[in-house]
Amino acid sequence: MPEFTPNIGAFVSIQKSDLQRVLEALKQAGFTLIGPTVDESAIVYGEIDGIDDLPIGWTDRQEPASYRIVRRQDEAFFGYTVGPHSWKKFLFPPKQRLFRVEKKNGSFQVVDEEEPAPRFAFIGVRGCELQAIHIQDRVFLGGPYQDPNYKARRQQVFVLAVNCTEPGGTCFCASLGTGPQVGSGFDIALTELDDTFIVEVGSEVGATMMRNVPWRPTSAFELQQAREALATAVKAMGRQLDTSDLPDLLYNNLEHERWNQVAARCLSCANCTMVCPTCFCNDVLEVSDLKGEQFERVRVWDSCFSIEFSHVHGGNIRPHTRARYRQWLTHKFASWIDQFGILGCVGCGRCITWCPVGIDVTEEIDAIRGEV
Amino acid sequence: MLNTITTATGPTPDAGPMRTHPARIIAIKEEAYAIATYEIEFEDPALKEAYQFKAGQFNMLYLPGIGEAPISMSSDPATPQVIGHTIRYAGNLTRAISRLQVGDVIGVRGPYGSAWPLEQIEGDDLCIVTGGIGLAPLRPVIYHVLRHRERYGRVFLLYGARTPDDMLYEDEFESWKQQGIQLYLTVDRADPSWRGHVGVVPMLFYLLRLDPKKTTVLTCGPEIMIHFVIYEAMARRIPKERIYVSMERNMKCGVGICGHCQFGPHFVCKEGPVFPYAAIEPFFGVEDF
Amino acid sequence: MKRKIKPDVKSKPKLAVFKFTSCDGCQLSLLDAEDLLLDIADAVEIAYFVEARDRRLPGPYDVTLVEGSVSTPEHIEQIREIREESKFLIAIGACATAGGIQALRNWRNVDEFINIVYAHPEYIDTLETSTPISEFVRVDFELRGCPISKYQLLDVITALLIGRQPRTPTYSVCIECKRRGTPCVMVSRGIACLGPVTQAGCNAICPSVNRGCFGCYGPMEAPNTDSLGQRLEALGLAPAEIVRLYRNFSGYAEAFRLASDAYEEKIA
């Protein structure tokens, strides 16, 4: 075992079980480990203690409106595709108090939160998901105003990424260039082979966490195996999306008949926006005690599929499902580019899998293009 | 990505851009039925001193237990220590504000959004077209113009209200006229004392002789009115780059991170509410967009 | 303009709780508020609330909570009197807002039931239907659910005390379900669930224990029962099962009623 830690940018190989040593090092450094784990019917993200909590030997089958976990033939650690949760719930929680307000001497006072932000290590972030985090970075940190809650959590996140060799039936990250290989911005990236993990070190901290891990330089054969696995993954993806004519395709078809057809199917239930790792719309609620002395500003996930969302004096801008679905799709695939210089979709397929009636964004966009 | 290991406990997020600041009501003036102007000043002297806004921008007003709403400034931007908001009692917050008195405190954060392009349009004739409470975010323009009358050409104010009683700022009209603003007023329903026009605001364009080469249109009001204002202005060959529109959408955070006020590629709270028509033309009038 | 029910004078606003045809479960939500009950009693004068005490103070009442559906001729008179005595009337629960589970009789011949069930049918004086309070009087606010959520009830009472328009979300149960992180039972288990067409408020309690939503909060703001129905058929539900699913605690609410009627026609 070499006495020194691997350099940034280096590829080294470790025994799979030695991932536990990395996790131990992270815990020791004060991180709360968040990773994939089997919760009865799905692989979800929650607090984990070590590799025993990972969905070892599990995978999933996904198609529009359907998700099932099944046992694998092998004992792969990361042999599943992304599930109903995304990392956004840790960086941008579904419900979060922003601050309190207290009435005082005929006036009031804003009372800041006193709890420091939690310090997370994300274990098993896929390429599409890392891109989703980058996209939300632009939303919450890229403008003239920065969101302090997101920032406090984000700036101390440790990202242990995993190259995806297990794309699902609703995935299309290869079409968007967000996967299956992870892009930049990780501390450590793993590629899972049969008996080993190839570890790519992405940061100083990532290197530090390798301190107690026995490693050896990755062989050319292993690198070749990893390349092949990723190439196979690209081909195995269940969906594709042609992005060449976005955003104009959608802007030029705001009155397309397809919006009526999809509105007939769409439940306006907002599941797509809730599972989407980039959807950021939120509302701030005013919560008060019965005495009218103590108040809280509480931020919750909101959705453009609710009618109230577009409320203005005298009515709602988007009163029908047709208008709301159009808003969502044009936002993801057109106006997001204008707003943030980047597509709002990462091709993870969650909105397709978790739509209760299986509406498929790739199919909708193809239909508007006239290819269905 | 982390570059160094920070301490085990992270930073504590403060209220950040959502922090609201107590401001005291120093005057309330009834303007029309269920509409009043509230003059407020920040309790914090430093904030009161530092606060500035531009004509067309808005603040988020807040009451503990009730919530927030976006309200434009209707006062003179040259005297920002006292901030004026003309408020119609229509929603949850504004109804609660209607119960407040001088001396009561409300929360304020802002200013937010884009402004009328007052410097850019110097030298132009101004055609200000508005209806109802839409005059409120344009009154700062009028104050600015009056303060710098020499910088602008002819100034027309085309203003409509439902009835003569619904007209805002009527007591200032005479003074505006004397200082060279040409006022054209119209109502939907006249009463016996009414001497002005009856009908919709865009019809007032027919009374003007505008020079399309040097006229800028500033408009705010119901979307249907804006629609016809744009039609009339463009019929007079005023280029769409010189037609400025103040849009209404559901502004909730004011800082472009809650998503509610989206209008195509724009966050109305950030790039708006004031847009050159050219920027919103592809989306303006798309039904339910 | 003044909607604040808390008068400036010292007297506390009067709260009354009445019930019609129902199980009392929604009223119990008020008692279930436990730690906050003292605060409530502190903030309002409880003028009538049989579950808590016998005393009934005379009206008018500032806030009246009405539980239960209207199902007898006598009820019609009573609810009109209560309305006249009430400044702000809130219908609470599936019975008061949609007719309740007992509204199942609205699809059947009530006389037949009476003759089968009661030894002396002539003593029974009942209406043909069980319907919500809003069928008979103006209702200022409806709190859905079977039972209602104590959090929503407290929120509405607080709103009225503070002078805020009470507001509860009208979007789907799915939003609450996803916020709490429950994997969708329909997608991940194939369980029939009315969550996508049902109004939020329960914090998606049923899916969190691996059961499908049975729609007790009634239809959400834009219920697409046709599309969900097609999905339920694809999951293997027979039309008769879909009728039963929609015809539940809030089954007589319009959107659910029309959906179940449509599937009943399919059977016939």
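Note that the chains take the letters A, B and C in the order they are written out, and that residue 1 is the start of every chain.
Throughout what follows, a residue touches a chain if its C-beta (ideal position, glycine included) is under 8 Å from a C-beta of that chain, and two chains touch if they have at least 3 such contacts.
On a predicted model such as this, the values are computed, not experimentally measured, just so you know.
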Which chains, taken as a pair, are joined by the highest number of C-beta contacts?
-> A-B
Using each chain's Cα centroid, which is most distant from the centroid of chain B?
-> C
Roughly how far is chain B from chain C, going centre to centre by Cα mean, in whole Å?
-> 42
Separation of chain A from chain B, taking each centre as the mean of its C-alpha atoms, in whole Å | 39
For the pair chain A and chain C, the C-alpha centroid-to-centroid distance in angstrom is 37
Set of chain C residues in contact with two or more other chains = 158, 162, 164
Where chain A touches two or more other chains at once, the residues are 286, 288, 292, 320
Where does chain B touch two or more other chains at once, residue-wise?
-> 65-67
Listed in rising order, the residues of chain A that touch chain C in the complex are 39-42, 44, 65-69, 83-85, 89, 94-95, 264-271, 274-275, 286-292, 300-301, 303, 305-308, 320-321, 353-354, 356-358
Per the touch rule above, chain C residues touching chain B in the complex are 1-4, 158, 162-165, 167
Residue set of chain B touching chain A in the complex reads 1-22, 24, 43, 64-68, 88, 90-91, 103-105, 107, 248-250, 252-253, 255-260, 262, 264-267, 270, 282-283, 286-289
Which of the residues in chain C come into contact with chain A in the complex?
-> 36, 39-40, 42-43, 154-155, 157-158, 161-162, 164, 169-172, 174-175, 178-181, 183-190, 193, 195-197, 210, 220-222, 224, 226-228, 230-231
Chain B-facing residues of chain A, complex | 29-30, 98-99, 101, 103, 106-110, 112-119, 139-140, 143-149, 151-153, 155-159, 184-187, 202-206, 208, 251, 254-255, 280-286, 288, 292, 295, 297, 302, 304, 309-313, 317-320, 322-323, 326-327, 330-331, 334-335, 338-339
